[in-house]
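Each remark here refers to the structure printed beneath this line.
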Amino acid sequence: MIEISLTAWQILVVKLLIILTVVPVGALVGGYVLHKEMAHMQHRLGPMYAGGWHGWAQTLADGIKFAYKEDIIPASADKRVFSLAPAVIFVPVLLLYLVIPIDRNLIVEDLDVGLFFLLAIGSVGSIGVLMAGWSSANKYALIGALRSAGQLIAYELPIVLSAAAVAMLAGTLSLVGIVEAQDWPFILWPPGLGLALFLLFLVGAMAEMSLPPFDMPVAESELITGPFTEYTGMRFIFGFFFAETAHMIVFAAIGTTLFLGGYKPIVPWGPLDVIPGVLWFFVKTSFMVFLLLWIRFSFPRLREDQLQKFAWKFLIPLSLVLILVTGAWILYGP
Amino acid sequence: MRLEPADALDRVKGALGERVTDARLNHGQVDLTVELDKYVEVVRILRDDIALGCRFFTFLSAIDRSTYKYDDDDQRETGSAGSQNKKGGIEVLVHLYSPDKIWHVNLHVPLDFDAPVCPSITGVFRGAEWHEREAAEMFGIHFTDHPNLTTLYLSEDFEGHPMLKSFKLPARSYVKDWPGAKDPDEAAAAGGR
Amino acid sequence: MADTPKVLEPELQNLQDSSAFANEVSEGRLVTEQMLLNVGPQHPATHGVFRLLATIDGERIVRAEPVVGYMHRGYEKLVEQRDYRQITNLISRMDWLSGINNELPLALALEELMEIEVPERAQYLRVALAEMNRILNHLMFFQSFAAELGAITPTFYAFREREDIQYAMETVTGGRMHFGFFRPGGLKEDVPKGFVDMALASVRKVIKRLPDYEDLLTGNEIFKQRTINIGTLDREVAYSYGVSGPIGRGSSIDMDVRRDEPYLVYDQFDFEVCTGSHGDCFDRFWVLLHEIIESAKIVEQALAGLPPGPIMGKVPRVVEAPKGEVYIRTENPLGELGFYLVSDGGRRPYRIKIRTPSYSNVSALPFVLENTLVADMIAILGSFFFVLGDVDR
Amino acid sequence: MALDVDQRLEKARRPGFGVGLLKGMAVLLKHLFKRNDVIQYPEVKQDLSPRTRGVIALKEENCTVCMLCARECPDWCIYIDSHKETLPPKREGGRPRKRNVLDRFAIDYALCMYCGICVEVCPYDALFWSREFEYAEYDIRQLTHEKEKLSDWMSTVLPPIELEDGADIPGLPTKAISAASASPTVEATAASPANVTSSAAEARPEQAQTAPREASAATTSARPAETAPDAPTGPAPETAKEASGLAEEVKEQQMDAAAEPAAEPEVKRDTQGTVQAEGSQAEVEAKAESETPSAPESTAVTQTPPAMAPVPDQAPAATPTPTRPVPKLEDLEAPEDAYGRVLDEQTKAGSSPQVAEARAKVARVKAEREVTRAKAAASQDATPAPEPSGAPEATEPQPEQGPVAPTEEERGAGSAGPQEQTGAGSAGPQEQTGAGSAGPQEQKGTKGPND
């Protein structure tokens, strides 16, 4: 009995260690990909020196540099909240990794309510943004924080509804179950509906992560960095850069899980089954990341009120309709 | 469409009559000298008269002619009527342009050099606000009924009016000697740089 | 959570009873506490040190007051202490994006006063260089406007084209931004071999890649949402503020010195003056973008018909303008750049009034910025294409 | 015109329903697979043009401490220290000569605005633009570079670029001159010292600075832009090849001009030592009248080439006939005598010793020029007499006139040497340069870039 519990503990520790290593490494790699993709899309080379080969260590060097920077807290800031905010932003992102099935049985914790857990935890981060903005005693930060709060409320709904539709189709909230329930062709099935849900999820995700073109909270040309204007050093990294990249990757993983059939091969064909699911998952996730970045570099920034209009007058009604359609499909579909 | 300078001069004379003390052509542009009391009226006429139509406000500035080397045959009176020295006063210079009938007018308004006061034309051209603020701080001209006649470029505690000829630019020779003045007998020629 | 941080309180206090606040109440619309937002002098959206005191109600700007003068270098006083040769290099720094266009009016004014005949080759080269410089300037603002709207990519495309043109101009003048190449009576020296091909190639490359720009911004729905019917500048207001250049043409002021009063050999080239009709950010940007095409046309014609011959007129050893006054205006990339030159016959000007385009254009900002949103403020600032060195002189 | 523009605008303003978004993304995807042309700077360096204003290099042996650059500099960022040293007279009866020795030449690059005025005004091509730009320092005070560093940069200076077709190639006029007889050149250049003197009377460096420019054919030929518009240049070069050929010829002449000053003055003195005349009277008068303030304007506007672009050699090329009658050789005044006489006149007139000395020099040079004209007219072929006897003298490394030029007048005088040499010399003086000392020879190498 004790042994079992011990092994359980050991397993838990191992899993946590895995997460604590995978997430930062993933964030670093994601940052590098971001640099490089942006550079080449913009007819540049991007980092070329750090670490020798095509500047592979650039993000690492950046992290080290920020670690050495002075950590400044504004005199008139609310110190406790100010220093707490980055953690509040970053930890939920870490937690999201817990429930994502990287392979059929390679998952930290296969919750029965995995999807629910995702949606619940995923939106905690914006509280941290609000804390950061308010406690900085900086008007730009305040405006940015309020924007991001409004954005969260507006865009949580489309995500939730689209995810709910997926759950309806799969008939379960467990992510493994959802992946298992999916079958080729993944997002093309049910015809049209899957794709619509996917786009809905994509837009919502980008807005919640406040990636361009929905990056009004941190619009660097209007509010210098929004809520993070006053942050420096590691706090800035964890609150902003690191969290952003990690957030992006995890949302790519979620999208993969919900719509692209997670760890399953892209086509049900014998030889492809040999390839381990981890690899498939990795490929699909990278594709999602690429897509997110591509959109991010292409567009100018929307305006806050336009964003809200877009959410309330278009996306949310659409998602409600899609829920109905899904229900109809389940009842009367094949 | 395009108005020849000569015709423009005639039209201006016709429209303004004796309001202008001096009207002439200068390098293809109409050059008017207006007394202080007629100034705003003339500007308004220039803008509103259909035949003239100078709707485009190019700039407003001032010229301090106190050290200008006049020829004896220069008839132009640049000092204001009040001041003794007819020549070498301070004047407000307004340049208007007619985008429809393409012609320019330079409006010279002589002011009293000792106490330069000039009515504001912000009522006619809104854009004159900044120009008048600049002229006020640079030349010490007081523009009456100007919405807010605060400093535009200079700080509030700035002493003096830089663009006046009496305001000597703190020469760099205060900071360091003129490097060109090394040669003994050239030192004299070095002065003033 | 935390109570109101200290710094916000006093302003909130004294804004309660500000006049604008009272007006809002009297108008009976929903009024929240107003906040004084100090944009700049150091702010990403203000190219240069430009300060904007914006009183905002939520995200809506109740009133905005530009504060300039952080870069005032006193050009008009300074040029009275320098001889003409030095002034040429000095005013090239005035608007650092269009150096060679700044040198032009001074050279023209001196030639007008001294009655110097400029050889035709010099005039053609002047036109070509000035238009190339205009393209440089417009590309710069194309990218800065895009960057202020949050699109990062166009920046690098624009700079890629800029590099080619700048290199071509560097081989001629030796400078990349401050050229100091025009002299009263002609040019400093003739262009090196291969310049014509280089310039033509660089300009044609810009033309070839403009469709990409159109796809990136002009055709982009988000971009349209951000710019169309934003920051509308009425035509008559623009007149009264003396707004000229692309901004003026954006609000349907069909005015271009190159066409109305051709100063170099511009009357020999065929180009059209683009004008917008709505006076909003989109029109301003559209006019700017299409002036690149027109300028490229002019460059091609000027370089194709480049006549042989000298590039320097008959100029006395010492440039001494005779007594007289003259106002010479040219079409700077950003509008009408005018020099009112008063000379008393010396080697130094008696007085030069420099009428810079950005100065007049920016003075119209408070009017445009009223009752816009903070995000729109950025778009408007970007679409007004001003160079601070030109505003402050 | 404006209408269809408006149509295009209206079309552009129409809403697009997401097509524009996809187009934009397509553009990015296109560029993702395009190979880009970024230059990896420290490894690969862009090939900058020779005109690039990177850093100002100093050719120390050419500097005569005339202070022109320091005076013209808008930023006062050039610091020059010098001292006068007196040399023993060349021969009996001669006057001990003063010359300036350059002690310090420093440019404060923290102040420099890279306008290039100093390079433009330098009458002796002592300053050049180099395209070197990697001289950043950690301390702003270290940006003041002394003459040693500036001279090091001389090695990075590139020769001037070939000009675009249709440009006025200054080779042509000089070529014409070499064909023509020597006298017109002398004639034309005779004007410059007059102006110089007059300008000196008004203590205006600008006027003076152009005269020496006219002096050396190297200068004029190497800065092509400086061709007078009314230059009677022969057929403008059609092909680049011809242009380059001309450039070659120009090089030759530069070499001669560079070599000549070394020999020239003594040559004259020895060869035509014993002659006296009234021809120089005219010279003195001409100088006197040119000292009246009105003179410079008239001379400048009417007969002299533009300010930035004086190419004296061309005016004569236009009219190869001398306006003044060539005086006979035997009734010319010996240069040294003219020197002494004018010196006395000036000192009597009460002008400062420097000015007096300078004007005396001018007189001497003019006298020498008269002598040369006379000889040139006497001899049938265009080859001027001084060459053969000039060769042995050429071994003196430093130009005699060059260093002795603190004031404008002397610069004018100093300019005389190369001046008439380009006219008289370019025909024959190859062997002269051959015999010339090392100094002139290596001058030729770096003479080219003066931009």
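Each chain gets a letter, A, B, C and D, in the order it is written, and its residues are counted from 1.
Assume contacts are C-beta pairs under 8 Å (C-beta built on N, C-alpha and C of every residue); 3 or more make two chains touch, one makes a residue touch a chain.
Only a predicted model underlies this, so the values are computations on that prediction, with no experimental measurement involved.
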| item | value |
| --- | --- |
| Furthest chain, CA centroid comparison against chain A | D |
| Most centrally placed chain - per-chain CA mean versus overall CA mean | C |
| CA centroid of chain A to CA centroid of chain C, Å | 42 |
| Inter-chain centre distance, chain B versus chain C - centres from mean C-alpha coordinates, in Å | 24 |
| Whole-Å gap separating chain C and chain D, where each centre is the average of the chain's CA atoms | 39 |
| Overlap residues in chain A, where contacts from two or more other chains coincide | 41-44, 297-299 |
| Shared interface positions of chain D, touching two or more other chains | 21, 24, 27-28, 31, 72 |
| Junction residues of chain C, two or more chains touched | 153, 157, 216-217, 220, 222-223, 254 |
| Touching residues on chain C, where the partner in the complex is chain A | 1-3, 5-8, 35, 37-38, 43-45, 59, 146-153, 155-157, 160, 216-217, 220, 222-223, 225-226, 373-378 |
| Interfacial residue positions of chain D with respect to chain A in the complex | 21, 24-25, 27-29, 31-32, 34, 36, 38, 40 |
| Chain D contact footprint on chain A (complex, rising order) | 37, 40-45, 48, 294-295, 297-299 |
| In the complex, chain C residues that touch chain D | 82-83, 85-86, 89-90, 93, 117, 119, 121, 153, 157, 167, 170-175, 178, 180, 183, 185-196, 212, 214-224, 228, 254, 272-278, 282-283, 286, 290, 306-319, 347 |
| Contact set on chain A toward chain C in their complex | 38, 41-44, 76-78, 81, 131, 134-137, 139, 142-143, 212-213, 215-216, 219-222, 224, 297-306 |
